[in-house]
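Accompanying notes for the structure given below.
Chain IDs A, B, C and D follow the sequence of writing; residue 1 opens each chain.
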């Protein structure tokens, strides 16, 4: 039952994101467009490029989707609306999202195409930039909650949301999340303009549909993670908890899309430099500040 | 944060700050030392109220690091901090012209922090860590002018000597922890039996290395290549003191055998090093040798079973010796060197420094009411009263005599003669440092009474009149001997030594013999006058004259005896130095090299070959272990 | 109990299978990712043995680590795709002997020695994590910190080794070109 | 329960064996590192199994696993550093050609 609800929510939000994506691309707001596009993908022939690494080529989109769903599985929509409330949930989110990299590299290497491979390796470089900025802010969050259990983390924000308690961490996590979802402006691995689509260049038909869906789901998962870690999860007046979670998640996801839409693409070298020279020190600073706050403010 | 951290953290932070900021290093280091001093005083106050603080830090599993502030550790911490502070004050003036200030002050601060940690350490692991740290710092500081070959050599030599002696500490600690099951010093000292003897002897080895006891004293002389403040800190309260402190703190462990060995080593050192000091032609090297000799006295006290006396002498010596070195550094700046023929009459040119030097020298010789008098009497009393008095007492007295002798000689050299000295900048700072230490060097003795009461160690018997008289006589005779050596006569043999590589023996004949003759002649003349006067006065005075004559004869014989004894010891020490110890240590290195040469044949340079070899070796090892477990 | 045994067996087999693939395939990419999945299986093995924190940590770390290893394989192998089908191994017989004997000995020890009674229950994941944290920053702090310092040193050393040696002049005109 | 312990231990043993084979047989530095990683993985499996089934109360067991993970990461870092340097210098990381370690 819970599983069904969560998956439904996931699909729904993915659909909404697709609608907004279409609106941003075409300027027309047509709720049915994603559906048609998906059907069209199913209809088209799904071409297999010359001499692919078959295993990777087939597995990559599915793995990406599975990973996104797995990450979602440990994030609570409501106190009881969570598939698996692990004792190390916050860490598990990282673990699951780490496999996004694996999936992208597989998708890049599999079809034996230059663009794809470059995109895949680019994402590896991107990971080296952002991964620390995913882990360290979560550390600070867990410090405040004194637990890695996601429900406990949400519970710890009943009084004050983490976005107020540790805004620095929120900013860093938000940026890193966008980089992880490789949306614009961090969409180097799949840059249409300069890399001919990058990792999803060689994918067509069903596989492309799965890939698209997986990427949208990934955005939703990351938005939900942001909500749980920083926006007080299900906390909120009047509306039922799950509604609040959904609203916040969608808001974050949409904000990610919009922000990406209006920012120029970032060179991976610059991204790397900023993340290591600026981001990681800031993340450490954030940890120290939170630690002091915990010590000082009981 | 516990108060026990107060003496340690400030210098550490200062060191880091200096390394990071790279400016205002002197001020930072000084601030760190001062704060450390304040922390030490606070500890001491707490200890006086009888509250022994203990701080447990998480360390190895079931072996937490602990810092303890008992009365003794607090006292030592104060001493270390005091010396450190004033040495740094002095260094501000002394190092004005040097480059690499940041390096110097950072290492000095680290040195101070490490020493405080060593003093306050309550468990062997922490003590070992601090021990290694001060070893490293001394290496860095002695080799501060690493571009000078002699400094570099001196640094590596000091490192080699102390490190090879440190092995003793390692093994001793393994024995102690293994036999007592705890790493806490106080608890682990309870182990008795053969373990205590073995551990005691090994600790003695470690202490010999650090405190430069015969036959490991050679590096100390050469360590003079470092900057003078470093020598002051090294000799008075930190590196060299570490050995004595180690023995004093583990006094309850020591078994009679160990005590005997310690006393023996101390006695031999105090005499041998005294002789070397007498023979030196360089002020700093003389002071270095005298340091070794003084620590020999402390070991005698420990060996006699009265560590309190050793502790008192340690404190007095810390203040005195640092004063001496700082003054020496002042002269060094004034005359571009510390060789005696450069320093002739510098005392007149730098009266303040000379006054401090003289005060400290008299204190070291043991002239009342200066601090050295009390501490030395405590040592002598211990030597005469404790076990093994028969041979410890004479040695202690000989040490005192020699102390007087070389101090008198140094004073003479500094005062008489003349040379051109240049103005020195930063004199104010240096003067402040010197006198900040000279005052305790002078007055510390009056504080010994209360100190003995607060120390939790068995207080020494009050120095009997015998001890006082003997000590005083020895000191005075020594001073007289030292002073009465005419410098111009000294120069002739001095050149011969220089040609014959500073061979002590020649030097000894030259100027233990000469002073003896001089004294004899002096007494002779005196006696003639006496005799004439006696004739004039009448036969009643004749008996007095005879008495004087007999006295003089004995003094003459005694002095000659001292001369011969010193001659023998000097030869023995020198030869032992060159063949025995150097041979031993460098044989170690050579052996390792040979082993490497043999192992070389195994290396084809191919990774997979070496991997294969290691795999096979592991298999063999497992087989051996397995068979062993079967056989058990 | 049986479920646990089942999962342990399954993940164990998976780990072993992927581990074999690492050295069987000739495509560097495949062998790297095979190693990755072998490590992941080991992490799942931890999970199956109710060691949740370590399991998740293993899964997380190895993903990144092995992917990086993959790119190095592709960079440094003369035949990344394994299409040339060249043999990249030597002293085969000895290696097989060593590997098999090592495994056999270890298995023999595992089977023959008497392990005594095995613990039935362990505390739940959250309590475990808490206790582990207490252990790391309490009793074994020094070991843990040492590990941290060591890895920092290794990072710096590796970077220093990997940075190309460039003499001053070339550095200058590089800056000039930028 | 003991059965599971033995199961885990056997798994660890086999992983270790594979690792030994790989480390000894491969010619490429990176592949050798893979073998070492597998050996370490086998060790970790054993550690966890011992912790879980023999001493669940002693968390030093888990700490050891963490230390082993550190060692793995460390080995990767240094190994790759060396690999890069060597590739720059010699154009290959084939250990057959690396004889300059010859003493």
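Methods note: contacts are C-beta pairs under 8 Å (C-beta built on N, C-alpha and C of every residue); 3 or more make two chains touch, one makes a residue touch a chain.
Please read all numbers here as calculations on a predicted model, not as lab measurements.
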Winner on C-beta contact pairs when A-C is weighed against B-C: A-C
Please tell me the distance, in whole Å, between the geometric centres of chain A and chain C computed from their C-alpha atoms. 26
Chain-centre distance (mean CA atoms) for chain A and chain D, in whole Å, is 32
Can you compute the centre-to-centre distance for chain B and chain D, using the mean CA position of each chain? Integer Å is fine. 50
Indicate the residues of chain C shared as contacts by at least two other chains. 53, 57, 68, 90-91, 94, 98, 102, 128, 139-140, 143
The positions of chain B in contact with two or more other chains are 61, 608, 612, 615
In chain D, residues with contacts to at least two other chains: 20, 24-25, 27, 29, 60, 96
Pairwise chain contacts under the document criterion: A-C, B-C, B-D, C-D
Footprint of chain C on chain D - complex, ascending: 1-22, 24-31, 33-35, 37-38, 41, 44-45, 48-49, 51-56, 59-60, 62-63, 65-67, 69-70, 72-74, 76-78, 80-85, 87-88, 92-94, 96
Given the complex, residues on chain D that touch chain B span 20, 23-25, 27, 29, 32, 60, 95-96, 98-103
Report the residues of chain C in contact with chain D in the complex, numbered from low to high. 1, 4-5, 8-9, 12, 15-16, 19-20, 22-23, 31-32, 35, 38-39, 42, 45-46, 49-51, 53-54, 57-58, 61, 65, 68-69, 72-73, 75-78, 88-92, 94-96, 98-100, 102-104, 106-107, 110-111, 115-123, 128, 131-132, 134-136, 139-140, 143-144, 147-148, 150-151, 154-155, 157-162, 164
Please output the residues of chain B touching chain D within their complex, sorted ascending. 61, 596, 599-600, 602-608, 611-612, 615
Contact footprint of chain C on chain B as seen in their complex: 58-62, 65, 608, 612, 615, 619, 622
